[in-house]
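What follows is a set of notes on a single structure, which appears directly below.
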Amino acid sequence: MGNFKGHALPGSFFLLFGLWWSVKYPLKYACRKNKNACYLGSRAGFQRLEFVEGIIKAVFALIGMVAEQFVPDGPHLKLYNYEEKHWDHLMNWQHATMYLFYGISGLVDIVAHGTNALPVAMDRMMLSLAVFIEGFLFCYHLHGRAMLDVHVHQLLLFAIFGAAVCIFLEVFFRGSIVLEMLRTSLCILQGSWFWQIGFVLYPPNGSPEWNQMDHTNMMFLTMCYCWHYAFAFLILAVNYTIVSW
Amino acid sequence: MGNFKGHALPGSFFLLFGLWWSVKYPLKYACRKNKNACYLGSRAGFQRLEFVEGIIKAVFALIGMVAEQFVPDGPHLKLYNYEEKHWDHLMNWQHATMYLFYGISGLVDIVAHGTNALPVAMDRMMLSLAVFIEGFLFCYHLHGRAMLDVHVHQLLLFAIFGAAVCIFLEVFFRGSIVLEMLRTSLCILQGSWFWQIGFVLYPPNGSPEWNQMDHTNMMFLTMCYCWHYAFAFLILAVNYTIVSW
Amino acid sequence: MGNFKGHALPGSFFLLFGLWWSVKYPLKYACRKNKNACYLGSRAGFQRLEFVEGIIKAVFALIGMVAEQFVPDGPHLKLYNYEEKHWDHLMNWQHATMYLFYGISGLVDIVAHGTNALPVAMDRMMLSLAVFIEGFLFCYHLHGRAMLDVHVHQLLLFAIFGAAVCIFLEVFFRGSIVLEMLRTSLCILQGSWFWQIGFVLYPPNGSPEWNQMDHTNMMFLTMCYCWHYAFAFLILAVNYTIVSW
Amino acid sequence: MGNFKGHALPGSFFLLFGLWWSVKYPLKYACRKNKNACYLGSRAGFQRLEFVEGIIKAVFALIGMVAEQFVPDGPHLKLYNYEEKHWDHLMNWQHATMYLFYGISGLVDIVAHGTNALPVAMDRMMLSLAVFIEGFLFCYHLHGRAMLDVHVHQLLLFAIFGAAVCIFLEVFFRGSIVLEMLRTSLCILQGSWFWQIGFVLYPPNGSPEWNQMDHTNMMFLTMCYCWHYAFAFLILAVNYTIVSW
């Protein structure tokens, strides 16, 4: 993960999900409002969508876990280096753990929407936990890094924990369009901010590095974070308008 | 913003909105209680009011953003000084970002109350976010200032984050007079405290400066903050009584 | 306040209110359960009780404010000592401010339960604010004191902020016996802990002072705090049993 | 408690309760869904179960308290050593206090489900408080220990306070299967983590001690904590499947 691609990849993943949700939830809302005008989506149709979403999430998480383990400089399932007596590739193991919980969340989606066995609200609870665990591992991930590096990751934590709380609220206020939009916006924000982190910490194609100790850089990035969020709402608004039409 | 006027202006803005709300919400409550006695405000009338409020918010925010950019010592849309290799007028850009989110909140008000396209609860969610972003930017605004300066701004954060939480609760408990009154009181508090900050940090007409390092000054200002809040409730009570009559 | 009596007095006040609530709420609950068995309390009767409670709160707060101002070594309404250029008796002013908000809460009780003008939920909101302000002023009250002194006051803050949150929840879940019992227990805890603080910091009749720097003292007091809370529940249980009979 | 057994014992207790809940709540949910298929559990049956649970909790807590007092190196009810002028066996007293609150919670369960005198929601409130008090005492328990020791106990606090919040939410959303599952998972996590702490801090049968100052150990344990949680969900899923069949 310690390179540009390692931040762009999860960023793309979150962006993809965010963009998809920014189409799905307005569509669902529009369908609920005028029931006859909407010929493609019914209640059962949307449930099938959630089922497919669960499969995609589980598959992505599986690919992520395997990739973290078997990349050339990965741990290949080896956790402890007995010869040199230290833990092996802890970073990769941590990322695999994050993916693991997204995988569990995907599995719960599949079972909850594919069968009748589980209560449907479980899907939100597991997703909330998966997001929380991501943030939780990030918190203990930043020890001993440079100031700017810590700061950009801390900003990410706002989006992560915000999303975790928002999804947990959805357990109780399921189907609230406001919470769904909030979650979507935070997901897009997380995705685009991952890209931004990549550009800041590992500037591609030879542009000069950022000064890690300059306090104005920190202030600019805090502001930049807000612009990303405004941009997320712009995307949401555009998609909402298109879908409504 | 680094002068008396820069704090008095947003203060007046918040005071104006707070005073207006302290008339509007009691009126709305009184109308809901005895429906025939109230001849000027109907449900549609109050919706039109929220529409107008949205326009005013959006216009004010636009003026604010333009002003922050094109004041004589403003950035004039220049973000980075390439010659001297540093960020340009970050303060002004940060304030413009704050206004931007209030502008978005105003736009959402207009669309949510002017058309049927958006769910009405979105207006509270965007306002809550706008207030939260204001507090969020303030948090990273105070680096390296003197103790008293930091303290008076921290006190402001209580009013800001309190209002953000209160407005977010209104998404779920819309129309609760208690939350509306709480929001109004916090808005008046924010407005009057902006004025107080102006008086403390940039004493007008030649009064002596406050000692930034005196701990009793901090204790006095904490208490003074509570008095401002009691004063906000006094205004609320007076307006409530007048409106009820 | 910097003596034994200064802590015993507010402690007694909170204990009194806590004990009274520990009788009132079980009674109310019992009356709601079996309506014909209960001949002394009706819905209107309990409303009148809340009205009287408001008057008592307002009167106590007024007495408190006057006492803080006009005790022999009090400020006598003088806030700033112009000769020596420092704030005068800030402690007394802070305590008076705390009482002020309890006074406002009492006034709101009187208006909300005596007339029809105010929504009844306002009484809980103002009480929650009054308790919050008390905790808020306590937070900025402890600067530069000894470790044990800070610790016993911090423990108090748990009871204060816990009560503030609990009362705020009552705005939305009004009449929930569980929240009312929780509030009562926290109120008794606060009262008895005030007494404990008095005994620890200003040991009466010549017993030796506590070692302010001993860490085991801190651990004992934390545990002692829990015993106070268990004791509060004991009182609650006894009163509940008596009332049920 | 400062040995392997002292952590394995409470761990087993929490595991036991967690495992029992992971059978009980799916069963209750299944019974509620298809009422005729379920011949063993009725509404009254489940209430009797909660009554029995209360008795077990109270008995366990009593045994725990007595054991903490009368183990060979325990305080034997002596709180203060007057000869050497220091507190005696504070650790044991703290643990006894923790058990005390679980005991109170058990008593409330017995009264709330055995008689009609108490509102049923009180059982959740007292359990939430008991868990909160456990976390609260843990917080002030860790002063002056080594980094790794503090870290593994801090991780425990997440499970404890998470459970306290979750149970408090159950006061308002009683019978929500999602919250019950969340509580169960956190209870299993707490139990298995107690065992893990025992293995880390007091390695049994002569395995080498962990390096308390190695930062990679901390990172591994954070990740390990997440695996424990994933494992808790695995147990939950297995039991849920068996019960559903």
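Order of writing sets the labels: A, B, C and D. Residues in every chain begin at 1.
We take it that a residue touches a chain if its C-beta (ideal position, glycine included) is under 8 Å from a C-beta of that chain, and two chains touch if they have at least 3 such contacts.
Worth saying up front: this structure is predicted, and the values here are computed from it rather than measured.
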What is the set of chains touching both chain B and chain C? none
For the sequence-identical pair chain C and chain D, what is the superposition rotation angle on Cα atoms, to the nearest 5 degrees? 90
Taking each chain's centre as the mean of its C-alpha atoms, give the chain farthest from chain A. C
Give a one-word verdict, same or different, on whether chain A and chain B use largely identical residue numbers at their interface, taking over half shared as same. different
Gap in Å, rounded to a whole number, between the CA centres of chain B and chain A: 32
Approximate Å spacing (C-alpha centroids) for the pair chain A, chain C: 45
Per-residue overlap in chain C, given as positions that touch at least 2 other chains: none
Touching pairs of chains in this structure are A-B, A-D, B-C, C-D
Can you list the residues on chain D that touch chain A in the complex? 29, 158, 173, 176-178, 181-182, 215-220, 222-223, 226-227, 229-230, 233, 240-241, 244
For chain D, which residues count as touching chain C in their complex? 86-87, 90, 93-94, 97, 100-101, 104, 117-119, 121-122, 125, 133, 136-137, 140-141, 143-144, 171-172
